[in-house]
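You will see two complexes here that share subunit A, one where it goes with subunit B and one where it goes with subunit C.
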Partner chain A sequence: MQPVDQEKAVQARPRPASVASVRNLRVYFQSKRGMVHAVDGVSFDIYDGETLGLVGETGCGKSVTGRSFLKLLPVPPGKIASGSIQFKPHATCRNCDGNGCPSCEGTGRQSAANSRGRSNEKGIRDSVDAEIVELLEIGREEMRRIRGDRIAMIFQDPGKALNPTLPISEQLSEVFLLHRTSELLEAAGLPASTGGALRRFASQEQRFGDSLLMALPPNRAFRNRLVGALNKMVIEALGDTQVPNPAKLMARYPHELSGGMKQRVMIAQALACNPDILIADEPTTALDVTVEARILELIKELQKKRRTSVLYISHDLSLVRRICDRVAVMYAGKVVEIGSTDAIFRDPRHPYTRGLISAVPSAGARRGELAAIRGTVPELVDPAPTCRFAGRCPFEADSCRRFEPELKPVSNGHAVACFIDSAAPSGRQPTFQSAAV
Partner chain B sequence: MQLRDYILRRVIILPILILGVSIIVFVLTRVGGSPIGIYLSHEMTPDEVAQIEARFNLDQPVWVQYIYWARGIFQGDFGWSGVAAAPVTDVFPNKLAATMELAIASGLVAVFLGISLGTYAGARRNRLPDHATRIVAVSGASLPQFWFGILLLIVFWANLGLAPIGRSDASIWSSISHPTGIYTVDAILAGSISAFWDAIWHLILPALTLGYGATAIIARMMRSSLVEELQQDYVDAARAKGLAERIVLRRHARRNALVPTVTVIGLTFGFLLQGTITVEIIFRWPGLGRWMADSVLRGDQATLMTYVLFTSVLFLLVNLVVDVIYAYLDRRVTLGK
Partner chain C sequence: MTESYKPSLQPWQSGEARESALRVRLNRFMGLIQRLVSNPTTVMGLAVIVSMIGIAIFAPWIAEPNFPDPYQMPRDWGAVRKPPGTPGHILGTTNVGGDVFYGVIWGSRKSLQLSLMVVGSTVVIGTIIGSLAGLLGGWVDEVLMRIVDVFLSIPELIFALAIAAVLGPSFTNIVFALSVVLWVKYARIMRAQVIQTKQNEYVDAARVIGDSKLNIYLRDILPNSITPVTVQATLDMGNVVLIGATLSFIGLSEAGIAEWGVLVSEGQAGIASGRWWASTFPGLMIFLWALAFNLVGDGLRDALDPRTEGR
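Showing the complex of A and B:
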């Protein structure tokens, strides 16, 4: 499979800078019946500041794809078999040093296209002198530095994703202690070069006996100042998510909050360090519809303010249509169609996308009429090299059962993996007219 | 509700519980018959027997007898131990010290070994350390103490001659004073290294025998609850924040996994006390357990009742401590309304 087809399509128009390029990603899970190809050759880009929707049915590999960015797969049995995820972190804006100025639209960050390399991370540089980090190859320590700082994640069920036995403040402050140690020391009026027990306190690496050292007079005052600075950071982060009375919320435990509040806390935690990419894994699925709308607004607003790109994983097409700039449709471990939201919904080219869109009930539809795609998602144990949708596709022809379609561009930035738009090597071709019986 | 208030309230309720326990203990013991047997000999005439009965108020109704017994306890009189041929109060402290030394030593072994083995295995699920720990745990839970203890004795005492039996070496122990009755502590207070080693040396085998089963139970519990916690979303969320695996384990998963484990540790304490009976008999350890076993066989009711009353009170206190530890570990626990 050619991984760069989609790039060709993009070349035609001024190319937006991408913050992450996934190329030919394959993630396999060892099961008793064989290798499950959960993600099987997925390629896409996330552009700077955009929201990319990743849609598909349960079990199509969209969550696994999202988690691969942070290497958060259960290992074993999961294994990233091949592929690459190249990540281009933002640099702080050269004009204002991160404080926000007109040239960076107040975000304090440079767009990925002309960013300079960050000195504290290892990586190679590409032609535009932006640093590139190969997420699948970096070591555990480097990955840890990226997690929560440059790439953050929101989980599906905020009730489960917060530690039930720690108060909100402690869970949120962990992010700052991990990634903002120097800023924390600075805010507490200490030199950034502070070492010893104070630094260990500010980076959550306390050793045995440190708590005693911190309780003694010389350090005690500094500790209180550090705690004060930390609390200020936490309150600010919570305040950004528009929770009422953030200072009061800090001492609460997750079970004392409503679902929407918990998700706001999660968002505050994820966006605390201004990540370049936010992976949102169905963040509103567990919430009420009314709360959902407000959470989505919040994500949109914060994203704009911080130049964060969002990978929005969802099975909800109407929601994706509302909030995403571009959409990638996944089916059985593959991206079958990718393009701008507009193009995908105006002119869906893949039979699966068409099925999905017509399966969304609309207000105009008559009672009792729900369109469904017949059949179920195929098992992904050692799949044969055919179109994965063959067997469920109303338009399939015999070439679909013999060859595997690749993602080919059909128009600007719109690519489809189906023989309807790009001829198969041989055999009868499917067309939209030839609906199978 | 404040933790302090909670403890205070529990302590206030304690006497009421103890009163209830004492009634149950008395009634249950009396079901086994009159305690007169321990005071009698074959040559006594029925008249003399009646005299003794009257002297110990055994001719009164049972509830009056209970009041006499309870009054005695308040005055520090727990009765006469026929087995020890001395008042119960004279013998009890020394025997208690011996048993406590054994129980605490094995309890410490069980808690530390159990939690660390369980954590080690749980964090490395289905890998070699997990399987190795499983073997230790299953054997610990299924080997009967009397068999395991005798096995250790045969190997380390009878064959290899590495370990001693009994509680101490008489020549070493007559040389130092015993203010606490706990020999390891006495040795430290006396500043005698040889006496300390002697105490430890005598303690190892019985403590191992007694603690093995509890170690197994705690390790299994710790492992399974840690495995369960590690599958929770919040663990992945903690990793997504960038926390090191070590901190994810310590600060997030292990702390939550300890909550069910602490319950088990509280229950294990009873398991340990029960175990002291066999272990003390096997290793000739002069503690409560052995005294108790003799008392049961010879119908020494005063000793029996004291022992049962004592263990009940101990249980109540341990439960209180466990509840307080809960509140510390899981700060969501609201203490009363």
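Showing the complex of A and C:
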């Protein structure tokens, strides 16, 4: 990829629409010593089709932020105190009815902002009909329809994210049964009005006695057709992740697969329904480097094909630099800097970001020289309204300990929460020259 | 995308993949059986259990059923207190003319009934209550577990005895009393297991794809929590008969029925006068039954332990 082409592409494309906007999200955890402000007023947008990296050290709230999208927090002790996550699901492209055309880059999808009203006649059937969904306020049933269908997630350790007692085929077919019942019935040649035990079979809502009903002659043939159609869907989903011999893999149990294979299965499951947003919570941390590279390539490729936005949660800066379009740096429950990957890495404006970037060891650095950030992450129990990085920051001045910096834009699409670029109300201002060292 | 899902004749449409998944499942089960039979004491226990169940099933062919109630000991007033080896009464008779052989054979039916009914009901009740406590947590957990604590604070034999005594002497009441007392163990085990299992990432993964709570419980949590319950249930199959026999022995079931505990009780008066057989043979059966299920239970625990899987 040549940088020049990329820049041209960025200029040529109109300002992208956001598929999700997080506004002032606060997630608190009740602990014995008080409220832990795990996420404290986080705001960012995920643009259509982009990869947004969410970077920060352990415990800075990046995973909690990602999990808030799907209401996956342990409640109690977790509590979403305030904020909103607005999700704008994709619509079927109006120019081609979901068949793929140049205007939607062959994906058959179109971001909600570009479409006027949603067409649901043909093609991808969206289970979510609203144009804007407030993820933090919708009910459990609505959330269930979004999960796995419009927003999917991949976990850190594929070894733990698969049920050891079920073969791969069962775990993958679950997604289709839950979200693609009508397609399944259609593929099996059954009318959409099918009801009773067959429909329950195709939507994973079996009742007691249904399995007997399905095994008897009139339903038996239909069941086999459904299973055939289901298997075909599963094989297609697995095939997309480039696993060798997907048909054979289906009968395997998770413990018989390697870590990379398991992560591919997870990716197949996550992307099975063409989600609008994929939340990847350090998906390659448990894998070795060669497998990691292939998995990342895979995610990238599938993402492009489906116009999926990815929220990539990671602590690995070099990796984020490689795959993300934009980066948000989190520190102690706050986004301290957000901007395009290029801007962040070329001209980091927040001292924490600078510290992080210089802490990444490079091949050219002298031996024995690791630029660590001094100090440790502050406790997040009822934090005082100061800059969270004060105390570890080499440039801090006394205003940093009196006021809390807010995210302010420094250039187009690049915002920083630091008094270096936007002065504090009063007091001595920090500058990059005032290094205390 | 949807266009490509039209049915066409493909190899996988025969449900082949599903069936091979079944085959893998079968293989896993066979692996478990293999680990079980690699342990000689387990094999011994299994052999005893199989023959005991065989005896229970074929009881009407082994000893001609008494009319009208086969569970009532037949009375042969012409042959009272006969020693083992008497023609027609291989294991002797009791002091009221009951055939000890008949009691031993039909007593196995009673024991099988007792253990299946008690273990069956306690496993179901305990699993449901333990799962509810583990899944819901909070005050539900608190209330249920305090109830369990109350049950556990009374020794199980004394508790069962009290209930059976209040309800009056009958075999059904013993079954009921034991069920009331023994479910708490399973509730405890299940709660701990569910709490542990539900923290697994695959439970989150199932939530992430939009699975319902019931489905997550049935597909992800239950199968991954049930193992210790099966081990405990196997052990209890033996223990229940032991406790049941104790209750029968002290007269909490109907007198004169073909039940090992009752037989031991009715025969023990004669031991001092040298008529050892009326108590010994049913007692031996109780011992074998309890031993066999304990051996198999231990073997099952070892075989299901993931740490021993590779061996």
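Operating definition for what follows: the second predicted complex is superposed on the first by the 406 of 437 C-alpha atoms of A that agree within 3 Å, B and C clash if a C-alpha of one lies under 4 Å from a C-alpha of the other, contacts with A are read in each partner's own complex, and residues count from 1 in each chain.
The rule is simple: contacts are C-beta pairs under 8 Å (C-beta built on N, C-alpha and C of every residue); 3 or more make two chains touch, one makes a residue touch a chain.
Small disclaimer: the values here were computed from a predicted structure and weren't measured.
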Subunit A as common anchor, with subunit B and subunit C clashing or fitting: clash
Touched partner set for A:A187, first subunit B, second subunit C, both or neither: second
Touched partner set for A:A423, first subunit B, second subunit C, both or neither: neither
Partner chain in contact with A:V227 - subunit B first, subunit C second, else both or neither: second
Contacts of A:P167 with subunit B and subunit C, given as first, second, both or neither: both
Larger contact residue set on subunit A - subunit B or subunit C: C
Touching partner for A:A152 - first (subunit B), second (subunit C), both, neither: both
Which superposed partner A:L70 touches (first subunit B, second subunit C, both, neither): both
Clashing subunit B stretch [against subunit C; choices 23-31, 59-67, 149-157 or 185-193]: 149-157
Subunit A positions touched by subunit B in one structure and by subunit C in the second: 70, 72, 144-149, 152-153, 155-157, 160-167, 174-175, 178-179, 204, 253, 266, 269-270
Partner subunit B, residues of subunit A touching it in the complex: 70, 72, 144-149, 152-153, 155-157, 160-167, 174-175, 178-179, 204, 253, 255, 266, 269-270
Residues of subunit A defined as touching subunit C within the complex: 70, 72, 98, 108, 123-124, 143-149, 152-153, 155-157, 160-167, 169-170, 174-175, 178-179, 183, 186-189, 204-205, 224-225, 227-229, 231-236, 247, 250-253, 266, 269-270, 274
Residue numbers on subunit C that touch subunit A, as the complex places them: 1-2, 4-7, 10-18, 20-21, 23-25, 28, 200-202, 204-212, 215, 219-220, 223-224
Subunit B residues touching subunit A - in the complex, by the definition given at the top: 232-234, 236-244, 247, 252, 255-256, 259, 329-332
